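Here's the structure, in structure tokens; my notes come after.
Note that the chains are named A, B, C, D and E in the order they appear, and that numbering of residues resets to 1 at the start of each chain.
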Amino acid sequence: MAETQNLFSNLQHSRDAVCRADGLACARGAITVFEGVSFSLAAGQALCLRGANGSGKSSLLRQLAGLLPAAAGTLTHPDPAYGTHYLGHADGLKAALTIAETLAFDAALAGYRADNDAYADIAARLGLAGCDWQFVGDLSAGQKRRLTLARLIMDPRPLWLLDEPMTALDAAGRALVTDLAEAHLENGGMIIAASHETLDFADEEVLLEPRR
Amino acid sequence: MLKALENISAFYANPTRFMALARQVHRPLWALAIGVLAYGLYRVAYVPADYQQGDSVRIMFVHVPAAWMSLFGYSFIFIASVTALIFRHPLGHVAARAAAPVGAVFTLLALITGSLWGQPMWGTWWVWDARLTSVLVLFFIYLGYIALWQAIDEPTRAARAASILAIVGFINVPIVKFSVDWWNTLHQPASVSRLARPALHADFLYPLLIMGAGFLVLFLALTLTRMQMEVLRQRLRARAPKGEPPHV
Amino acid sequence: MSGLMRIFAAICSQHMHLSWRSGQTMLAVSFLFIAITLLPFGLGPELKLLRALAPGLLWVVLAISLLTGLERLFQADYEDGTLDRLLLVPLAFEAVVLAKLLGHYLALVLPLILAVPLAGLLLNIEAARLPVLLAAMLCGSPALVLLGGIGASLAVSVRRGGLLTVLIAMPFYVPVLIFGAAAGRAGLETGVAVGPYLGILAALSAASLLLAPFAIAAALRSALR
Amino acid sequence: MSGLMRIFAAICSQHMHLSWRSGQTMLAVSFLFIAITLLPFGLGPELKLLRALAPGLLWVVLAISLLTGLERLFQADYEDGTLDRLLLVPLAFEAVVLAKLLGHYLALVLPLILAVPLAGLLLNIEAARLPVLLAAMLCGSPALVLLGGIGASLAVSVRRGGLLTVLIAMPFYVPVLIFGAAAGRAGLETGVAVGPYLGILAALSAASLLLAPFAIAAALRSALR
Amino acid sequence: MAETQNLFSNLQHSRDAVCRADGLACARGAITVFEGVSFSLAAGQALCLRGANGSGKSSLLRQLAGLLPAAAGTLTHPDPAYGTHYLGHADGLKAALTIAETLAFDAALAGYRADNDAYADIAARLGLAGCDWQFVGDLSAGQKRRLTLARLIMDPRPLWLLDEPMTALDAAGRALVTDLAEAHLENGGMIIAASHETLDFADEEVLLEPRR
């Protein structure tokens, strides 16, 4: 995490934070997608959501981010507005901005401004070339995905919600995600990720079984 | 009194109790609507032809109650939406959604009968008179409200969006009315004037009031029936096991 | 600049930046001129008639250009996931909405209004009358943007909800158009006081400012479910 | 039905289906009425003035409603990858384009034109004059759609190219509007022959039909690169 | 492939078909993404494109589909209009259609019409429930991905171009793709797929190295 230390001196998250679900249920439209999901996560732990296609992993992540209300059960989690990163299927990138402009916006949403060298550093760390002229709309699928990781680096928040974090990434990209995740866990962060692949950084799993 | 109202409303917040009540009420309500309307039409048939307007004055007995219902309908939607959104009364959305097309049809009826009446009276189907124009705008507000309900497939999301529109739109109605009045009194040429309205003779007044009452009961009956349909549809949806169509 | 203010400024300026980058700003202004140019073809070129109708036409054209642009105000952000992100910033979502609306206003509406004097000359309004028209538009246009924003936010989860935006927003535009055009006409006729009209327009804008951010934020939140 | 015809029909009817499903058709018609309703607020409610301007106004409103809908004619297909697919069917891409345009015409433009008589009543055109206006619009509207399609296709690779569509298409609309409004006026004045105007409008439509599919197909192909 | 045999009696593709690239180069914007790529593929063979993020895999697939012109070199491949399926990152699905309506459109683009039972069969084979009422816009990421596979089943074309075919799919979904691919190869089809994972059905690999 050498480069990011220029921005944040290895910020430690509170060791008391928890993220817990108790008998959680999720309704989409008229359908109950899952029911009775419970888990508990303490600082420094990572959880991998598993389940067949359509079993409600993405929906659960949106519930944790406060974007989707719970149909039943209770959720305890950090205040999403300060404590949560949510990386979903939609990447929130603007095709008409350059990489540097995108990073500057990320910085501003984190409440600060850095100089161009810092942005170039971060882009290099993410394996992206042409920081100050490459338009985001021209990036390849994996390059876009890498760019979204910048948010995790630039804005330290305790809870990361990652929906299929390995999508479109090559081997180096996967290693990058794993590195970031491990450093985050060491600093006392929490991660909940949905994936169909094995995630090296996750120590626990929750299996969502579709209600039939 | 308020407390009692609250209790009643809480009691019927349960859709099952509402459905039980509705089953008891809906036949008498329809009977009443048909009865009052039939009696009203009978009275209208015996109203003497107007010395100025001839038989076309009979349009009034449809037009005026329809116009009243257009305003009543939107107020109804507003109150139902507030109940649903702020007091979280589950039947509010159902009532608002059920009433919207009914209100819109009454508004359209007022517009059409008004136009039909305008042709013999003013020699034209339409003038940009203040009252007419504000009814037209009201009709558009209805349309937007209905379109919003239909455009969003997910029921809870549609319900929230529609009630936001209903509430904001209700604030807009008096503003439109007031601005249109001003617009028109400033610039309406004297050549097009509404018919001079003498104080309404009792021969006209009573049939009109009866028709008004009939339209009101008809509105309530139609809305109640549509509410029942809506609740049934929601139930079928909720009961559908996975793999079965959630909408009927 | 404090963190929260920086977030507000970033959201506002990103919106402006994107509008400018994608050519929206220039296009909105060109749209105004093209519409003004098309009208005489439809209406016939009599100068006197055009002059009499000019303020009203300019208002209608302004309203329609505005609506055309509003349509996608939140749509792109909704589709690409930016709205999800903006719900997770330490700024009240109402303020986020206000930042976007302000960005939209500065990037698209203000240039449009500033182009109106030139368009007015094309329609033969006397130069001396233009300040009143301009003042009326400055007072009334925030209401148009804020109320249009309500339509845009309600239509956001609907695919191709563009025309729905228009349908919802238009009834709200009626009062603004009425008083706007009245102010324009009053500006043309000497002796009619313009002040009250401007006051009403400003009041409509102020009322929308109080109401719209809450309605829009609520609508967007429920669209994201 | 042969395979190629089935493909043509499927593309056309899918477009119509989506327009109907998403409420576009009803909304387009409402938009026409709302625009017609807004105009008197700007212009003042005098009947005689409105009647004189009515055919021209109806044409301009028709053109603007059309443009508003055209904007996203190819945009959605471009963004979601449907255009990629439609390039890989055993039908000439020009025919694919024509199928989409036909679907657009049937789903959105025709209902709009059929709503014009009612709108004409609101603007107080005498009922007897409406057939001419309707005929003129039926003759001229294919040109509006086809030429608008060129704008829509050129703007497709530009993000939020909506207003660009308008900017590109509007100059092409000028001739159609001129002759359309002239036909409408001729229909109002007894003794002026309408036939030649209708002929010119039909000729404009025919010429666009020959030209537009090729231009649009080429523009879309290069947008996909 | 039991269900699909109702629609196609195991159509055999021509054994003479080839797909060949000779010194192919690709330019995007002002940049040459790759140069001198050559490979050759005969009926019944599958090729996996590999390479880091941004190395040009997706671009190469678009060139093969005739959507992107070659900057240099030659390409020999079946006429895209009849012979090629291209499944890219953008899925070409319409949120406002139901699954059955989507399948009907797929059938029509293949030049025929089937009955509702056939569509329900295909949906079941793809593991999708609620064929005739579920809107595509409400499907999960993996379910959408599965639905795009219907095109491969419903319209037999010799060359399949698959861009990251395993994205968002669960184990069953991956097995489904592998099954479909193997059946296709047995029938004399050709497949070129870009992926960061190992594809069981691919016998050859081409590595794209970014030109720096």
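One rule holds in what follows: contacts are C-beta pairs under 8 Å (C-beta built on N, C-alpha and C of every residue); 3 or more make two chains touch, one makes a residue touch a chain.
These numbers were taken from a predicted model, which means no experiment stands behind them.
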Go through B-C and A-B and name the pair with more C-beta contacts between its chains.
B-C
By Cα centroid distance, the chain farthest from subunit C is E
If you average the Cα atoms per chain, which one ends up farthest from subunit B?
E
Note: subunit E sits from subunit C at a C-alpha centroid distance in Å of 45
Subunit A to subunit B: how many Å between their CA centres?
49
Could you give the separation in Å between the centres of subunit A and subunit C, each centre being the mean of its C-alpha atoms?
36
Numbers and ranges of subunit C residues touching at least 2 other chains
22, 158-159, 161, 164, 167, 170-171, 174, 178, 225
Please output the residue numbers of subunit E that touch at least 2 other chains, ranges allowed.
89, 96, 137-138
Multi-chain contact sites of subunit B, meaning residues that touch two or more partners
137, 140, 143-144, 147, 151, 153-154, 183, 242, 246-247
If you look only at subunit C, which of its residues touch subunit A in the complex?
3-4, 6-7, 9-11, 14, 17-18, 21-22, 79-82, 84-85, 87-91, 224-225
So, in the complex, the side of subunit A touching subunit B is made of residues 28-31, 210-212
Tell me, which parts of subunit C touch subunit D in their complex?
22-24, 27-28, 30-31, 34-35, 37-39, 41-44, 53, 55-57, 59-60, 63-64, 68-69, 71-72, 76, 158-164, 166-167, 170-171, 173-174, 177-178, 180-181, 185
Using the touch definition up top, name the residues of subunit D that touch subunit B in the complex.
22-23, 26-27, 30, 33-34, 37, 40-41, 44-47, 50, 121-122, 124
Contacting residues of subunit B [partner subunit A, same complex]
153-155, 237-238, 240, 242, 246-247
